[in-house]
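What follows is a structure written as structure tokens; I'll ask about it next.
Order of writing sets the labels: A, B and C. Residues in every chain begin at 1.
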Amino acid sequence: MTMAIPSFTVETRTRASTFSAIAVIALLLLAFAAPFIVSRGVIQDLFFILTMLVLAQNWNLLAGYAGLISVGQQAFVGFGAYTMFGAVILFGVDPVVAILIAGAFAVALAIPTAFFTFRLYGPYFAIGTWVVAEVARLLLAQWKALGGGTGTSLPRDATRDMMGVGFMRDLFGMKTSEAGDALTYWLALILVIATIGFIYGLLRSKQGLGLAAVRDNEQAARAVGVDAMRMKTFVYLATAFMTGLAGALIYVQKARISPDAAFSVTDWTAYVIFIVVIGGIGTIEGPILGVIIFFLLQNLLADYGSWYLLMLGLLGIAVMLFAPRGLWGLFSDRTSIQLFPVRRVLKGGPLNLTHKGGPHG
Amino acid sequence: MALIETRGLTAAYGDFQALFGVDIAVGTGETIAIIGANGAGKTTLMRSISGVIANEPASILYRNEPIGGLPAPDILARGIAMVPEGRKLFPSLSVEENLLIGRYGRTVDGPWTLDSIFGLFPILKERRSNPSTALSGGQQQMVAIGRALMSNPDVLLCDEISLGLAPVVVRDIYAAFPRIRETGASIVIVEQDIAQALKVADRVYCMMEGRVTLSGRADDLSRDDIHKAYFGTDHHELA
Amino acid sequence: MNWLDTILQGVLLGGLYALFAAGLSLVFGIMRLVNLAHGDLIVLAAFLILVLATTLGINPFVAAVIAMPLMFAIGWALQYFLLNRTLGKDILPPLLVTFGLSIVIQNGLLESFSADSRRVFAGRLESASVNLGPVTAGIMPLMTFFSAVAVIVCLNQLIYRTSVGRAFRATSDDPVTAGLMGIRPQRIFAMATGLAMVVVTIAALYLGTRANFDPTSGPSRLIYAFEAVIIGGLGSLWGTLAGGIILGVAQTVGAAMNPEWQILAGHLAFLAVLLFKPRGLFPRAVD
């Protein structure tokens, strides 16, 4: 016997989301076809955008949903990249396989990291993650087989004979370098889809509800039986995995590594934080919007060097103060459009105390 | 002329309205009591007057000046001090320091100094260098009252000073009130213990669900009236 | 290798780290704010001292004395107009705003002073040293250490013996009730950050005179400061000094074994403390 489920299901689908589902499919088809349509330079730009998006989605999941504010995600980018280099150079593993190994190693690093840093109170957790990234950088700089402090390059034939490259060369008549770029691009695209799919699925699941509860009030969440620590650990390890994959993939494409670059707090954490904050923290759409804005700003202002970073910093501060839910937040408040509706529609919101005695203005 | 007056005072916590047009007046040197069941809005009224909650400026007048919009430090500077519900002593400060902090924002001359507070509550002198957390509930309440007095206020607001204390301790604490009255200060006492309130106050306001339901001279009010105003019904006997 | 000497140098280096950390510790103690731009503010103060010393042609110690009120004003304004707006239950806004600030300061300094390494010259003091029996200690490292001790004594006097210090502690306990005492938490916070910047200026003086610095030196100073605070245990300035000393000794011992291991050894000591004593070596009884 079937039974109509009464209207108690919590509504997360909106009309915009049905429309956007169709748009997303069309966009994905187009994205997969891109290497046949646009130039190699554009593909490289798209690769950059996609990999930054993966990092941003992961940082957003950590900070925006799990309340784990890390400024040490470069640890997993760098460690993933170094693992990939090690596997390729020392063991002759195919770079594509090495990327997966890198993800696993990033998780292996994340376990002790979580063990240490989860002992630190909120804001100090942030600096703790940074220390771990520094330790990883300093240790890898001691590894002479991978070039020590100055770093090393991937052997040329490793990328040339990479899994799939020969196949694409024969099938599509691409040049080797073109095929390499197309391959890394497709991998990045798949990684983006998998990351967003995972996060979207997680947030819509029962665990996602628990996560929101943990973020909003850890004690209350514990009272209703959500194991905050387990949730946080799970999210931390999952983001380490995906960040490690992204790091390895980025460095397959770069083909040259050094400890300072692979563990750069600016490249892999500061930029990522700005992308998420400017786009809109705590939404899936935010980082997507943020990475596009970031890319445009970078192309517009890259010639200005440190002025560019200075401006990005100011913009980030301004957004945090005046539009804490980012540009996407402003947009979706005006239009009520959500592409990835994960927020359960529940009108009212928390009590807004009109306190003035507290820290007073 | 009233020293403090509220006119149609409303207050809300977010969407939840806690006060609906409260009118009270406190004369110079007068002691009034505000009684009412849990959740009636007494604390909200005290928080409004003392500036913890922001209100419409003209809804609270002090010496005919609108003060409803002022923050707590400005209210204290004008001479209104509060003994908050639950005592709220500073755990990082010793007993003496808790008293001294009472005159951080207002250092006018008057009857109350560290010595005269120790005269009022001698036990505090013995325990002056203890952390405030090491004191019994009654002693903590004495510190909270002393702390408010240190600013030599013209108006002393006391929110449920007998809460959670044994009757003998309550008696000790209320024994200090005649001395406070002698200094000419006006006193507002929030109490759930009706008998106690009627004993110390000149006039009484009874509140229920954010409104004043009864007011009058303490000796004029009948048990029945109070009962009705307190519980909103006349079917039960007052305990 | 002279172990005694290595350890002595480490202890003295710990004084510098305690100076880095004292401001961070003070601000955290009063408003639970962790300023990720703390290291960059130290570097900013070092540049300020450098500019004052070179343009006015004065001794760096005099320059630091002039820089102190300026840095106090910067800290006061920064807290009052910017950071106070970020305080609340959510730790995200203050962290992200101070992280943004760190990037802004670094790149502002890069634009103004280029990426070159700088140094503040302290004249003959730099090479002067005293003989302490089996070991010798540089005058500057000794001054650094004793400045750290003096700063901690002064801060403790201020916090535990003055009316402002009482207000600091009361506000830290409960800002709403502090308001009822006539304390304006916003101003207390601004004063605390201003004060932290005075300590930062002292730290900057010794940072600038004992080694090279450049606009990107900030983050590692933040990390050392943070490690000293955590090793010592939150809430006690003497603990922070002890934390600084442990970090300093770990670094000099590491460096004595292999110069490349200096920083790494410090981090490993920090992780070891975190492993065995998660609340630090000298935590305050309860919080």
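Going forward, contacts are C-beta pairs under 8 Å (C-beta built on N, C-alpha and C of every residue); 3 or more make two chains touch, one makes a residue touch a chain.
As the structure is a prediction and not an experimental result, all values here were calculated from the model.
Geometrically, the chain at the heart of the complex, using CA-atom means, is C.
The chain pair with the larger count of C-beta pairs in contact, out of A-C and B-C, is A-C. A separation of 54 Å divides the Cα centre of chain A from that of chain B.
Centroids of chain A and chain C (each the mean of its C-alpha atoms) stand 33 Å apart. The geometric centre of chain B is 44 Å away from that of chain C, both derived from CA atoms. Annotation for chain A: residues 355, 357, 360 touch two or more other chains.
Annotation for chain B: residues touching 2 or more other chains are 50-52, 71-73. Chain contacts: chain C has residues 176, 179-180, 184 touching two or more partner chains.
Of all the residues in chain A, the ones that touch chain C in their complex are 63, 67, 69, 71, 116, 119-124, 126-128, 130-131, 134-135, 138-139, 141-142, 265-266, 270, 273-274, 277, 281, 305-307, 309-310, 312-314, 316-317, 320-321, 324, 355, 357-361. Residue ranges on chain B touching chain C, taken from their complex, read 50-52, 71-73, 76-77, 81-82, 84, 88, 90-93, 97, 100-102, 104-106, 147, 151. Chain C contributes residues 163, 166-167, 169-170, 172-174, 176-184 to its touches with chain B in the complex. Residues 28, 32-34, 36, 82, 84-87, 91-97, 99-104, 106-108, 110-111, 175-176, 179-180, 184-186, 189, 219-220, 222-223, 226-227, 230, 234, 260, 263-264, 267-268, 270-271, 274-275, 278 of chain C are the ones touching chain A in the complex.
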